[in-house]
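Both complexes below contain chain A, partnered by chain B and then by chain C.
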Partner chain A sequence: MMRKISLTLTAACLTIICFAQDNSGEFHGDFDLNMQSYQKDALIGAEAADEIILNNAYLNINYTKGDFSAGLRYESYLNALLDFDDEYKGNGIMFRYATYTIDGLEVTAGNYYEQIGSGLIFRSYENKGLGQDNAMDGVRLKYRPLKGVYLKGFIGKSRTYFTYSDGIIRGADAEINVNEALNLESKTRIIVGQGFVSRFQADINPKLLLPQNVAAYSSRLNIINGGWNYSGEYAIKLNDPAGSATAEENNYANGNALMSSLTYSQRGFGIVAEMHRVDHMEFRSERAQEKQYIINYIPTLTKQHTYTLLALYPCATQPEGEFGTQVDVFYKIKKGSLLGGKYGTKISFNFSRINALNGGNSFLNDNSEHTPMFISIKGEELYFRDLNLEIYKKINKKIKATGILAKQSYNKDVLEGKTTYGTVESTIAIADISYKIKKGHTIRIELQELLADGGDGSWSMGLVEYTVSPHWFFAVQDMYNWGNHDLEKQLHYVNIDCGFLSGSNRFAIGYGKKRAGIFCVGGVCKEVPSSNGFSLTISSSF
Partner chain B sequence: MKNIITLFSFILIITSCDVVEGPYEIDTGDVTPTDTNTYVKKILIEDFTGHTCSNCPTAARELEAIHDLYGDQIIGMALHVSSFAAPHTGSGKFEYDFRTQWGNSWSNFFGISALPSGMVNRIGYPNEHKLGKDEWLAAAITELEKEIDFGISIISDVNGDNGTITINTELLNDVNGDYKLVVCLTESNIINWQKDGTEDVENYEHNHALRTVLIDESLSTTTSYTLGDEIETPITFNLITLEQANIDYSTSQGGAGNAGGWDASNMSVIAYIYDNTTKEIVQVEESHLNN
Partner chain C sequence: MKKLFLTVTAIAIFSILSTAQNRTLPSVDVKTLNGGTINITTLENDGNPIVISFWATWCKPCKKELNNIAELYEDWQDETGVKLVAISIDDTRSMVRVAPYVNASDWDYEVYLDPNGDLKRAMGVSTVPHTFLLNSKKEIVWQHKGYIDGDEDELYEQIEKIAK
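Moving on, here comes the complex of A and B:
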């Protein structure tokens, strides 16, 4: 039945697109191809692929005319890259939609992505790097009944690889911009929101009483006054046991999450203080405790590093229980001052700390009950800590430099689900220097050092990147694990990349070894296997 | 009016929730023993596991809990695979090698990439067959409702290290298809190391561990079966030879050959028939080796 509906909608989209060619609407699209060869490399634990070459490719086509739009995405996994789940296999049109807006009402049928508030109770999104796509398939309505009042409601099923999970997801959200609604001419702006999500899944468990309709709701508040901005959200998820036959594995406790963020900014200075507490808040499109069913998102409280060794041990958010705080300060030393020099100097300081909840997350069943203290830091198991200082300086018209010093604690056992590694304490230093040789020609050098006893020990990394604007770039990088306690694993991971850009097209080829590790985006992480081989990336848009 | 409709729609959605009050567990009573005079649908749950996989014991407990609900209709098989099953020779822990060539072969064929993971009668192949432990119960309930086309009975006769197993298959309906018969030996009550959460448990009881596959072949030369057909498949074996094959396999995989010590008194015969096109296991039977 689902397949028939899918084919019908796809056909409808294609018909609309064909019809539209004779009209004055606009077509836009983009294409991505990621191809990788895999050779066996016993030293780094890389496996060869039977297919030798694996490939992921995506083509998006969107048509827009006035208040109407429709589109689709063709996906091809022949077969999926090794860092993707192998349930992504084959070809198909996995995203298709049609939407129109009339008299303030927006109607969408087919696939859509949606989020309520910051995502604590619901977030449907895709991220190709993470292999994440939980697009909804159903209908969605958005409506503005009054000035400053924004309503949306949706119903559908959540994508899981090449199919849809059993649960039916219903959601609604109301957001009121108080100033707009009441025509207030105040310097203080207030926005409040209330969201609700419910999942239906039939109860066929003969041993346990299970809720068939599991609800989660959240309230949020945003107050803005001049340079001040407060944002807070509180969410509750009602009883959501896993539905397994083992009674002890079924947790009937309510989950809850609190996020609070206070920001102050003015020209050349900004400070953000944040905290969050998350307790048993993993919400899934099916009861089973499997990552592919997750439909909510707990924003991370740690700085998202881009330099390789700073991101070697990234913090994965623990939706079942963590307490975290973060302070982020930005300051620009003025031009012409002693430290600012001719162009000024930018300084960023960041501190974040994540620990376990007191005694673990909330738990309730017939035989045991536990509710952790609301705030408990001292003596609790440390998950992650990051203290870092970044200085950016434009020295003259040709030279720019960034320097970073960081100290991190990474509880590998908790954050990677291991049992014998403990916590990796590391000290990291980064130097990034960019030199403009002549017009259009820039060379950039990264030198990175990570000193650690635990984990894989210490690393050094060097990168040289040469850019010839606007068409070419070349890069050579070497990661050297010189401090690995296993002498056989004191290896170099060398990568060579070259790219060509022409208009809307980008081509890149590379060759090298990649270490096994954890890759995260916004606190959502996946394990990446080691690999050795060539890569080809092509992206294009129109 | 439109605002009232909007408000009503929101209330409709917002009331869509259930709150369950304890006690949560339902008294299901004792399991009705399986009637041995008639064939009933039985389910094979293949549990891919490893002795250094800290979350795997929860899957083993789930398998036992499902067995407690449905008795002999649920048949378990533990396949030790991946790096989590590699022996840690010389470490004093996790030195035993539970791996088998068949476990590794099936793990590769079915794309088992994370542990614990399992298959319930291999339904859903090729895209939806890998199930997390919390999904096994619902899948088993759905499978138990299916009609059976094949009845399997097992007769085994073991004398010392030599034995004979006879698999009798009876057609309960007219059936067309390419069906294969697999006969395995499993062993329970193996006491050895296992990670369980944060604990390294020395005296963990490993159950249903796959030891060997005696045959994996076409059920018969035909693809057209008629109600009442009977197929007899005799198998002879020597336990010492089979055990040595596992020891040799361990050595070939970088282990130390620490894969012996089989105890025939704790072994079972599992025989199952699967559709070679869909890979679905359509019927399975289990019997103690020394029956």
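Moving on, here comes the complex of A and C:
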């Protein structure tokens, strides 16, 4: 069936392409290749692959002509990298679509990515680096009946690895930009939105009467006035029991989530205050399935760090229940002032704290019932806390420096689903200095230190990077786990990387040991295994 | 199946070669910082060059690129009339931070949001930073992946080449 569809679509694309020959539309796309070799290393727990070399590659081709576009993605996993699920296997055209717009109506058939509001009730998206792709396959319409009114509706199935889940997903969303719609010339801008999603999956459970249609809806509000911006969204998911064999485990409670943020900014200053509360809000394309089936997105309420040791213990949202708050402050000390110096100094401060809901998430069945208090912070189990301060300063024409101090608490048991590890308390310091040797030549040094008793103990990290603009980079880094309580595991993880960039192409090769842990890119984290070997990355676009 | 795919690819590559001269912006909507929606094809700069730079608040080299250009931006504008448009691919986790960060950094760029990567995919951007240069007809004449210190000099050379 799949094959037939692919064949038909490929033929359709071929027709489009032939047609394009006479009408000079545009083709463009991009290509990515990630190859990794694996050698066994018992000490770091790295596994060897039978294939010796594993490879993932993607080619996207898009064709556009005016308001029409069509495209496809060819994916190749021969075989998939070890950190990818082994259900990614083989080759195929896993994404193809055609779309056109006429008189304010946009029609898409085939695959598409879509999101309602913040994603609390629905988001389909892709992150190739992390092997995540829950593209929809179906149809989608977007329409603007009036100025400032944005409507969309879609129906389809959600991709899971190389196949599509059982559930049929239907969704609709309306957004009204009040100022645009009413032609209001007001300083205050108001945008409201209402979204709805429903999943159908047949109930074949012989014992239980499970809801075949599960609905979720959300309302959102955005008010902007001058430098102020308030944004809030509240979502409810109706009861969605997993159909567990033991009746005691089935939870018939509704789920809900609230997120709210207030920001203020002006030249040289910005502040963000956020909170969210999540209660039993996991939403999947099939009931009773694994993580890869999730079709909603609850943004993690902590800062996304990029320095290795700051991100060693990253927070991940607990969609079944958590309460969190976060504050960010950005400030630029003016040029010419005492602290600002010749170029000004940038300071950013961030605090976030996530804890459990009182008594756990909402629960309801014949035997028990629980609804947690709306706000309860003191005395609740702490999941994650992060306090960090970053200062960036350009010292002179040649030297730039960044310094960071952070204190983090990481509840390893909750965030990694383990027991007996408790909470890792860490203190982290980072210095990042770059020095311009001459035009185009820059050397950059990173020194990082993480002090902790729990987890794997303390770490040090050093990195030296030499770049020659616009073509070359070389980097050597060493992560040293000197504080590990197990003396055998006080290891060095050395990596050497170099790359060549030229216009639209980028080539990079690396060699070294990578540490097992949580790998976070673009707001998503996943556990990756230890590895030891060569890597080759090629990225190109046209 | 395989044959068909090969044919498609071969024809596609041929077409690319024959049309590569006039690649323009795809018709995709992005969000403005004050809640509005605009189509990226409506970008205008009176026939002067436009730089489109994809970035994110969590991307170190992206911020380095935009901060380094910020120091030169006034001169660049005076000399070539260039306009820089920064497209943030922050998703809803960090999207609320974009405006405060941009304001606090004192950037004079036009900034738009692409929270679910629609424009990113349509323009073939797989990693950030990724920078495009558009000429007076809004055709993409140059692009660059990644950023290392000093890359802004190459970008400026390219801008000067096409500036009126």
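Criterion: the second predicted complex is superposed on the first by the 530 of 542 C-alpha atoms of A that agree within 3 Å, B and C clash if a C-alpha of one lies under 4 Å from a C-alpha of the other, contacts with A are read in each partner's own complex, and residues count from 1 in each chain.
By our rule, a contact is a pair of C-beta atoms (placed from the backbone, for glycine too) under 8 Å apart; a residue touches a chain by one contact, two chains touch by 3 or more.
Everything numeric here is computed off the predicted structure, so don't read it as measured data.
Asker: First (chain B), second (chain C), both or neither: which does A:Ile191 touch?
Answerer: second
Asker: More residues of chain A are touched by which chain, chain B or chain C?
Answerer: Between chain B and chain C, the winner on chain A residue contacts is C.
Asker: Looking at A:Arg140 after the superposition, I want to know if it touches chain B, chain C, both of them or none. Which is it: first, second, both, neither?
Answerer: neither
Asker: Pick one for A:Lys157: touches chain B only (first), chain C only (second), both, or neither.
Answerer: In the superposed model, A:Lys157 contacts neither chain B nor chain C.
Asker: Look at A:Thr300 in the shared chain and tell me whether it touches chain B only, chain C only, both, or neither; answer first, second, both or neither.
Answerer: Second partner only, chain C.
Asker: I'd like to know which partner A:Asn60 touches here: chain B for first, chain C for second, both or neither.
Answerer: It touches chain C, and chain B stays clear.
Asker: Of the two partner chains, chain B (first) and chain C (second), which one does A:Arg220 touch, if any: first, second, both, or neither?
Answerer: After superposition on chain A, A:Arg220 lies in contact with neither partner.
Asker: Could you say whether A:Glu87 touches chain B, chain C, both of them, or neither, answering first, second, both or neither?
Answerer: first
Asker: For A:Lys412, using the defined touch cut-off, is the partner it touches chain B, chain C, both, or neither? Pick first, second, both or neither.
Answerer: After superposition on chain A, A:Lys412 lies in contact with neither partner.
Asker: Can you pull the chain A residues that chain B and chain C both touch?
Answerer: On chain A, the chain B and chain C contacts do not overlap at all.
Asker: Could you pull out which chain B residues touch chain A in their complex?
Answerer: By the definition above, chain B touches chain A via 2-3, 6, 9-10, 13-14, 16-20, 22-26, 28, 54-55, 58, 61-62, 65-66, 68-69, 111, 113, 126-128, 130, 132-138, 141, 195, 197-198.
Asker: Please name which positions on chain C make contact with chain A in the complex.
Answerer: Listed in rising order, the residues of chain C that touch chain A are 1, 4-5, 7-9, 11-12, 15-16, 18-20, 22-24, 26-27, 34-37, 56-60, 71, 89, 91-94, 96-97, 99-106, 115-118, 121-127, 130, 142-146, 148-151, 153-154.
Asker: Using the touch definition from the top, list the residues of chain A that touch chain B in their complex.
Answerer: Residues 85-87, 89, 143, 145-146, 151, 153, 161-163, 170-172, 174, 196, 198, 200, 204-215, 217, 238-239, 241-250, 252, 286-290, 364-366, 413, 417-419.
Asker: Would you mind writing out the residues of chain A in touch with chain C in their complex?
Answerer: Against chain C, the touching part of chain A is residues 3, 6-7, 10-11, 13-14, 17-18, 20-21, 24-30, 32, 60-64, 66-67, 69, 74, 93, 101, 113-115, 117-119, 123, 125-126, 128, 150, 177, 180, 189, 191, 222, 224, 227, 229, 231, 261, 263-272, 274, 297, 299-300, 304-306, 328, 330-332, 343-344, 346, 348, 434, 436, 439-442, 444, 467-470, 473, 501, 503-506, 522-523, 539, 541-542.
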